[in-house]
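Shared between the two complexes below is chain A, which has chain B as its partner in the first and chain C in the second.
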Partner chain A sequence: MKVYINGIGNISPQETWDNTKFLKEVVSSDDNRLLCVEPVYKEYISPIKLRRMSKIIKRGIASALIALKDANVENPGAIITGTGWGCWADTEKFLLTMIEQGEEQLTPTAFMQSTHNTVSGQIAISIKCHNYNSTYAHRGVSFERSLQDGMMLCLEGNKNVLVGGFDECTDNFFTMLGRVGAWKKKTINSLDLFNDSQEGSIGGEASIAFIIDSNKTDNSYASIDAMTTFYKPDSDEQVNEKVNEFLSSYNLSPSDIDVVVSGNNGDSKSDAIYNVVLQEFPEATHTGFKHLCGQFDTSTAFGTWLAAKMLKTQSIPSVVKLNDVNKVPSKVLVVNHQNKENYSLQLLSKC
Partner chain B sequence: MAELEEELKSQIIESLNLEDIEIGDIETDAPLFGAGLGLDSIDALELIVMLEKFHGIKIDDPSQGKDIFESIKTMAEFIRAQKA
Partner chain C sequence: MSTRVFVTGLGTISSIGNNVEESYQSLVNSKKGIAPMTRLDSKHKVNRPIAEVNLTNEELANFVNVKTLEGCSRTSLLGIVAAREAAVDAGIINELSSERIGLISATTVGGMGETELHYRNFIDENGQGAHLDYINSHDCGESTQRIADELGMKGYQNTINTACSSSANAILLGSRLIKHGILDKVIVGGTDALCKFTVNGFNTLMILSDKDTTPFSAHRKGLNLGEGAGFVVIESEESAKAKKIYSEVTGYANGCEAFHQTASSPEGDGAYQVMTEALTFAGLKSGDIDYINAHGTATEINDLSEGTAIQRVFGDNVPKVSSTKSFTGHTLGASGGIEAVFSNLAIDRKTIFPNLSFEEQMPELNFKPQTDVIQDVEITNVLSNAFGFGGNNSAVIFSKV
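So, the complex of A and B:
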């Protein structure tokens, strides 16, 4: 089920939309939340269409257009997105207006754009793409589900499939998740995320699109050789068993992996499992990424982006390194979990 | 007499989030849809809500919409007629 990543568009808290750059300048935050650094959207979307779009829609369309241009593709064979919470700002706007105006005089735009599949639909409308269009809202594996669907479509012969993940962190969203303990109580600098011992993580957001295909091109970043997910393992040991099973099913052992991209999010309740997994890879360079994008349901897409960029550039930025092992990336394992429930593993290779 | 027209222009800019448009850019006689401001059917729904919200006028017959929302001038005439 091997596919190639032939184009990328990444709008995140880092200046990642410019594919010629790779974390040379790092953006940090001191308020436990990393928000997107926005490109100039008028370069991608006409002003008359832009005026109606909330930030997440602008980001979704722009990241898709950047990925398509990067892959030199005009019309993708399918558009598949994943999102945990969908278009939250529009949902908030619609619900707040209902309350404020006593369910009277409600405007249609926010309601129409509040659904999870808005971004997929708006991408299709903007490029007049009538092909397969789907959105997965599967909590912490929403991006993985879109990737899985895209990989299967490629296996069936579809060309240039656009897959992606997007989520946004509005003020209200950040406050509400804070009430259930999602974020750290004391504020930290985002770059200190992995050194902080408090429970909770930092909020984040991004919109990341990939063009995948069965065929390699001159612009290919990496191949995604395999991907799997599993739910609520019984123990930390069982996570290691799953990782070993995954690798051995592709005739690999931990020593074959050059770089592990782990989804550590600084939460002392749930990061221990990453340490258990990383101990199995003493010869690999260990890297993290959530100090650059924050924690959100589709943040694994940022990990996939990091793996693909490392494989294409054959470099590992110092800001993502978690240990002192220096390997040249050839095979990268991306390990992620959300709340010790939704786990995913991705295997990427240099191409 | 032009006060209502200016008020409508301001409300349209706000309701439709016309970021780069100022009151002076909207001609009172110019068509709002197609040419002119280039509004579309979703904007028409927003304008119906705007009339109700800011002027307390409900449009019961949707077929009237095309004539009422032809321009700022026709909108103002409709509001004045309703309030007379």
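So, the complex of A and C:
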């Protein structure tokens, strides 16, 4: 089920929308929340349309257009996005107005743009793409579900499939999730995420699109050789079993992996399991990424982006390194989980 | 790798019945579930009829043995009822922990029904601690995870939200996962509970009817919202061996009209595209379809667009068409699942269900919907349409085996 990543558009809290850059300058925050660095949207979307669009729709369309241009593709064979909470700013705008105005004098725009598939639909409208179009909203593996469907479509003969993930961290969203313990109680600098022992993570957001295809091009970043997910393993040992099972089904052992991209999010409750997994890879360079993008349902897409960029540039930026092992990236394993419920593994190779 | 996918179990709950049998009895007796709003406490009570499931959350929880109601959305509860019925019907209720069995559920609002009651508290940093569990049950994926947990499922799970075409896409994705050899059996469908958020949203779009919905009628005034859940169990050929088979999933298509965020084109290009692609995929001619379970929302735009597309595909030989939303209201993310159950019942029980409340023929169309129930009729192929916001269109064909 191998596919190639032939184009990327990544709008995140780092200046990642510029594909010529790779984490040379790093943005950090001191308020437990990393918000997107926005490109100039009028380069991608007409000003008349921009006015009615919430940030997530702008980001979704622009990241798709950047990825398509990067891959030199006009019309993707499919558009598939993943999102945990959908277009939350529009959703809560309609919700709060409805509550505050007692169900009176409401206008439809925010409601129309509140559905999770707005981004997929708006990408399709902006490039007149009538092909397969879907949106998955399955918590911590929403992006993985879109990637997996895209890989299946490539196997079915579909060309240049756009897959992506997006989520947004509005003020109220941040407050709300904070009340159920998602974030650290004391504020930290985002770059200290992996050295902080408090429970909870830091908030984040991004919109990241990939063009995948069965064929390699001059612009290919990497191949995604395989991916899998599993749900609520019984024990830490079972997580390691799953990782080994995954690798051995592709005739690989842990020593074949040069770099592990690990979804550590600084939450002492959930990072323990990453450390258990990383111990199995003593010869590999260990890397993390959530200090650069924060924790959100589709943050794995940032991990996939990191793996692809490292493989294409054959370099590992020092800001992502978690250990002192220096490897040249050839095979990268991306490991992620959310709340020890939904786990995912991705295997990427240099191409 | 299985090349064929079969339907082996059905489950549903909606305003016309708490299970498949009750729903069938309502369908053949033209008993609709549309009535004045009682459970939902909305300002639009007076003039917006609605199709509510006749059980409280407590009753639903008791019914499926859910112990803790706090933090469990009505959307999840409805989903548990229907998914469990489908699993029991397919005889797989005791093997659900297998990683070869998946669950794909669609929902448009997830836990919004609870969120809208407590949101002010959710976002108040100094607020009371009550009901915070519902924060974690808001997102769409939680409802699927909750269904999986209650049924003891450990395999692949996914949640689809492509608005009103969501659960048709669940059937489509499940079928492809089986054909790729990733799963042997999948419970596919959707669930959505009524909430003020959707009532008000559709109300601002001015597509809610102030009387019982009249799909495919010249002077139709829009839809009635409904709630419920509908799931079917689909299995690979190998896995379905020696089982009761309701139908084969022979055709499907998903496309995007890319016309407008919430409206479809008057020519019905998107609907035409997916109906013809589904027919081609199934290797069928338009004349092979015996019954169309239409999307049929009774909005001015949908019925014109879908009706025109049907006319373009079927010409002068339009098969029997009905919108069962005239019974259940529009159940949004659940509609494709509920209508998949009804489409399979049509084949299994040799019945074509009526399009209730029909008034006058649409002048733009050469056909009228079927207004009376037809029984003892051989039905070989049923086409089920589902169209959603974002221009997301899907069509599924179920065929008698």
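The rule we apply is simple: the second predicted complex is superposed on the first by the 351 of 351 C-alpha atoms of A that agree within 3 Å, B and C clash if a C-alpha of one lies under 4 Å from a C-alpha of the other, contacts with A are read in each partner's own complex, and residues count from 1 in each chain.
Here is the rule we go by: contacts are C-beta pairs under 8 Å (C-beta built on N, C-alpha and C of every residue); 3 or more make two chains touch, one makes a residue touch a chain.
Everything numeric here is computed off the predicted structure, so don't read it as measured data.
Shared-chain residue A:Arg51: touches chain B; no touch with chain C. By the touch criterion defined above, A:Ile125 lies against chain C but remains apart from chain B after alignment on the C-alpha atoms of chain A. Once the two complexes are laid over each other on the shared chain, residue contacts for A:Gln198 go to neither chain B nor chain C. In the superposition on chain A, contact of A:Leu96 is made with chain C only, not with chain B. Residue contacts after overlaying the shared chain place A:Asn75 against neither chain B nor chain C. Ranking chain B and chain C by residues of chain A touched puts C first. Touch criterion met: A:Asn133 reaches chain C, while chain B stays clear of it. By the touch criterion stated above, A:Leu106 is placed in contact with chain B and with chain C alike.
With the contact threshold set out at the top, residues 104, 106-108, 112 of chain A are in contact with chain B in one structure and with chain C in the other. Residues of chain C touching chain A in their complex: 42-44, 99, 108, 110, 112, 115-116, 119-120, 122-125, 127, 132, 135-136, 138-142, 144-145, 148, 154-163, 169, 173, 176-177, 180, 196-197, 200-201, 203-205, 254-262, 270, 273, 388-392.
Looking at the complex, you find that chain B touches chain A at residues 15-20, 38, 42, 45-46, 49, 52-53. By the touch criterion stated above, chain A contacts chain C in their complex at residues 79, 84-86, 92, 94-96, 98-99, 102-104, 106-108, 111-118, 120-122, 124-125, 127-139, 142, 145, 149, 152, 155-156, 172, 175-180, 229-232, 297, 341.
Chain A contributes residues 47-48, 50-52, 101, 104-109, 112 to its touches with chain B in the complex.
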